[in-house]
């Protein structure tokens, strides 16, 4: 039986396949019996699951986050939400230890990730920096990309709000940078190098804010300092190491990173005071919000013309809004 | 003596040329003598002027707003601001009546206007609608453009904040529409027709909000109703007259117009609830803010690395921000 | 057994009577059995109900919203709230098809509606317009009332917050208009015609915002455009059709409608800039808030001197506040 | 020459009459000469005045606030505002000491005051309390009115915002109380005694907040404690002295007074938690805002359809709004 | 078996001991059986408890709030929270009536209270007033302390937010007053008497706002008037009774009490306008927030470096923050 | 003639002494004559000065900021503010070049500075760090103090709001650190080292935000990045250089610095999430606000019980508040 994507699981469906463990919490029923609330994931999303005591007795766990499990069960609807009632659950490690057949096990299916080819995105982003930015910012940007390339290609863009999956940071950055390139055609008197460098590096601090990309969580420095200043410091250090030649240019790039949230209420310690900073701030916010809207539209399975209320967006959304929801391939051929 | 642009007038300069009257207010000096505070304009901006009582006795006025005047005088600095001390002032009408030589009188120099060729902008905007939007929205947009074309080409985009000059609405709309076209290359799953129609029509109501483009002022309906709803009603009426075939599409276009201020605090009665509306909202706001920044940077003549505080933007601006301030020709050849 | 009003149902009560279906959602118990969460209504309010799987097997539904059902069951208290445990449920259509006795079936009992006589309210409102408003606004108001009379008499005033029932708009408008009439005795220099026309028409757009009065829901235009601008456009169109003679008067009436929410945060695109608009804004807000308080006081069944916290009002209420909660007959005889 | 009202003084007018000194501040001209900036008042309003050094030499002052002066001078327009250039100024005391003729001196003309007959207002307010409120609140209200009657009849309602003149508190209270009476006809299930007592006593604390009614200023307790709590304590003390019999009723009246500003941001330590408190809060706010609007419309002498921006109201006002601005006699005969 | 503190109860523990009843609410299971949700308390905190129908049949209650009960049961984890499944429950009264052995019954263990010795705190607070404040404020403060001493020593500082237990007001006041004493060493030009009197009396009104200290609830005056003004009035009355000699000093003390919430949004009708008032405002807020943090840290039993989100503080907290959470003895020997 | 302090200069006084140039701006009178608006300073404050054209002709300047000048002139009152009418002005350099007698020239008198002995403050601050903080934070703090000691001792605490003078940062830091030491006596379970290190280093970034301490101005990095993050980076770099041994401790210190403004609206990118951070945030804010109040009280020279409105504090202040305004020596002997 081929893997059924979580986003396609319907009430009543039978499931016999692999999942990634995303959360696991034990509990006790009113009748005093132990059970487990799980959150299982695959590349298409998340689903809650219950392991009742009768199943627990033969499948006692443990259920460490990030590990892969084979699960048998049935999909139920609970309070309007799909939920998996687990009949059997065992970790891939245990299966392997028991010498079981893992033919259908495909780890690539289990991890939520950007729908785009990460290598292509990365190459294009790197090339954009190499071709469109002039020295001395070009060197700085490439140096940073090279140093943090590995993390940059897997880091999510956020824990929950937008692009909360493997490669999300890269996808988000690609869109912001490409959009910036297009905007510069119209607003040609802006400093092109600053805008592009800012667009590429604005969210760099996410790399230190978030850990464990397949099942992301915030780090202690991420929660006590925040990605805005962490990213700023990473760029500043790199420039220092490079003995960056133009301090006036550098401080403007630093300003773009620090001010990219656009207002102090949203965690930037300073407002954008250059047009370059304003542009990056807008394109970042726009891409994040468009994605949040897409995500909310996709996740809404209810009837009616409007989604449920979305807290982060502080509104409900019209579901008839676009020809097609989802994330189509952007036109990658065009030279904007 | 050729016309000296107001933006180039320096302390001590002698002036012998034509201006448009933008404001005139009589007063009395501490010593009890009458005088006039004027605001004079040409295509490059505005300058305050004083007509003291000794001059008034030979040049008694009147000084109706919007009329053209020949002025002799000297530029002074008053509280850090250039000001014209008028030595002689007479209206073009009076000069003409006296059969005077008006050889140097060039009305085109006296009116603040978009730096772009309005006809070109208009043609390009019209073409964008004609070529990029599909029926049935194409018909609606072209019908609206045709009906309001004359006003659309002269109306300012605002009284003060951004593009506050003849053709400002057209310039602003051109940038928003072209930017939208570029953005659609990236966000290809948005409804292209809605985005472009919304981008072109979002500020249509300015035409009824503002009167007298060369020396703009708000109309009574503009102040009691506002351009957001006025523009919505103009499009809705036009669609009704056209017996627009797709009510679901129409209500989404109407939604884009009503929600384009992005939040209720800023005068939209509704938040953007589609991604198309969100995109138009962002591109509109971005163009307006970038222009406000450019205008503030250009008008700042002080020393130091930062401008004076700008109330509307709620910040001061860094003056070293771009290679060159001002409004360079955007790259008009490119096909984004 | 006569109909017991929902507001009077107490823990333990046996129920054998008709209800209107207001909501129906299927679910699955922890033990994997299907059930239905219903919301049933009658003229006195709403009650949640459960149909467990054993009952479902003999009463499989469907349970379409707005339809009438005969229900047997028992009232339980669940988390401090009354809830009906359904023993048997069948639609009136099915009963009729089975040729069953429908003697006790009284559809008038099943629909939540204004406690006042709608015909009387309507007649008085119409008369108020006819007698107290002078031409040319009199003609406009009466024309609008005549055209939308049917919907006006059944439309709720809101989905949830205040007067959320059949005839709610009429009841609310009657109170605001009568209050306005009384206020004009004190503030005699206001434009009487504008205040009364504004009071009567301020919420007209609700007719297009809300559909299906007995079980109300928001329309797509209602959610994408909002009742404030919809009502404005309805009046403006009507005036245009009438070739309304006094544009200055008309724009002030339009202003009252657009600004009646009193602030931009609350969805008016413009602030009240006339005293007439301010008065209508206050009387509308006051009637809505007093009604919300009454509704909250009535619905609170807990002990103690204060109600639970009310989100919309952002406060709890003192329950000892009035001689008697509820909606007594206002003094209809008086000529204010 | 009869007294010309300040509100009627026009540019160029000659003045020979009495004024009340409202403010006096000495200064030095750029040329080093002393002068005085005065604010003079009569019953119709305030006017700024200048006493230059040549006049000062013969009219050296002093110019104590609240005193009456005979002034000769000429009205000028300074920055669009009428201003009196003083030619001669002498106090009534000095004139009297010099045995001068004071035939034209009428102190009643010099003090800004409510346009209504204060005795009539007072009598009607007292009667309203005596006839419309039932015991035990009747006794409490009358006791308070009797004890503070003298101050109540002269106190302004505010220093600047609304009714800032002799008798302003009484006028404001009369309107709020009469409006409350009318509102109770519609909202008949409210506690009538509480609403009326609250309406009459809500601003009682102004009496301790403001001193010197003809030329009002804030007291130290007024600025350190505020009228809201001062008025509450005055009523509470009086009730204690009366051994008020119904503590539940009393605490609700106290609540109305403390919450009458309607929100904590506006200085009420508590939100209105009863419908009675909400009604008084709305009628108070409405009367204050309508008056502020009237005052602003009256004081605006500029051209155009809209007034200048009013800070307290945070808007400009439409000047074509009412048949007639100003304060017509409310219909005092009617029994609402 | 000695009393196990609630804060130490772990999943699976058996319990045979006394508790205070803090809340009791009856319910019905899905299967239609009655049960009780209880909240039980001891000196270390609160725990939820369930009494299912089988137990109820032999232990029918009633369960009045504030009474003491002997309970047998077992601790379970429900949704991550410890909960007691009651096997047997009987009131101390019934045990006594049955002549049962109450050897292990220690009422002192059952009431949540300040960890400090209340008598010591009280003595030190009184002494601080007696030794550090000079006349005439000394007399006033001591008079107030003496009159309200009994309530002051048991009253909580709040219902929920901080120090929500017996003696909480005293503990909070002790810290604020001692901190004020230390601060005065640095800010020596402040009026020492005012600061100390204000620190001691700022929350006096809690005594009238909250009733029944062992199981606190808000009074009607507390909810309709609030502790800020209640406390102010208590001090003002006392001063009046004392014929307090210095009205200027008194009004400043009154101002400190009224303004101690620091802003109008937080319920002070006036902002601190003296440095003394500002200091008391800060020290009060600081002690409350530090305590809220301590309480939240202590109550958090989850894993991870950060607590759950705390609504009142609007943040989550870092759990590695201090050497040790909890409430150590402050250094009581030191003379700050 | 000895130096008269600016704060003591009264209307009419003759002046013959030295000042520091703080600002200089040229202008033209209405009569077309050039003049200079100056701001002159000494250790006690600032005074505006005018150099009219007749004086300019003999004293042509230039007037570079920060330089010292000898000035003859007379104090006038202009719009209620003291102003110096300059009769003669010459720079100390020119005097020296002319070989003039500079006997009365004392540069120490000309610079606004903390009233405390900077060396003593510095020594005590250093000692506090050395004695009260334990390793490893002790080393880090001392290392930072040593490296930035020179700037730390002269830097102002702000440009305008509080301690805007030479040594202001040191004075402010001394108070916050000493206050923290005292607070730790009460809140003994806080991490003492973190609190003290945070108190000492919280405003370190001011050193890079502000330049030219005697006549301070903001730097470009100061305006584009802000002192909050600049200070954080300075400490972080230093710790890196030191190979600081305890990363968990370090990140908490960094958190204190980044969060010390207490809220995002005030420019901290993160809220205080530890009690240590909260304490430093409060003590910093308290010292700044107390100082702002003192400064405003001192600068107010008007009559009446209340100062003029202070924008930064958003209130007026009571002037009878303290025994004595001003900055008395804090009790330096005490061991808190």
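Things to note:
To keep things simple, chains are lettered A, B, C, D, E and F as they appear, and every chain counts its residues starting from 1.
In this text, contacts are C-beta pairs under 8 Å (C-beta built on N, C-alpha and C of every residue); 3 or more make two chains touch, one makes a residue touch a chain.
Please read all numbers here as calculations on a predicted model, not as lab measurements.
Counted as hops between touching chains, the shortest connection from subunit A to subunit C is 1. For the pair subunit A and subunit D, chains touching both partners: B, C, E, F.
Repeated interface: A-C and one of A-E, E-F or A-F share more than half of their contact pairs by residue number, and that pair is A-E. Homomeric contact subunit A/subunit E is classed as different-residue, with under half of its interface positions used by both copies.
Here the spacing of subunit C and subunit D, counted between their Cα centres, is 41 Å. Separating the CA-averaged centres of subunit D and subunit E is a span of 46 Å. Measuring from the averaged C-alpha position of subunit C to that of subunit F gives a distance of 61 Å. Residue positions of subunit C touching 2 or more other chains: 220, 223-224, 248, 252, 255, 273, 306, 316, 318, 320. This structure has the following touching chain pairs: A-B, A-C, A-E, A-F, B-C, B-D, B-F, C-D, C-E, D-E, D-F, E-F. Chain contact summary for the complex, subunit D toward subunit F: residues 25-28, 30, 32, 218, 220, 223-224. On the side of subunit E, the complex with subunit F involves touching residues 175, 178-179, 182-183, 185-191, 248, 252, 255, 271-276, 278-279, 282, 285-286, 289-290, 293-294, 306, 314-318, 320-331, 334, 336.
Across the complex, subunit C is touched by residues 220-221, 223-226, 228-229, 232-233, 236, 248, 251-252, 254-255, 258, 264-270, 273 of subunit B. The part of subunit E that touches subunit A in the complex is made up of residues 11, 29, 50, 74, 76-80, 85, 305-306, 316, 318, 320.
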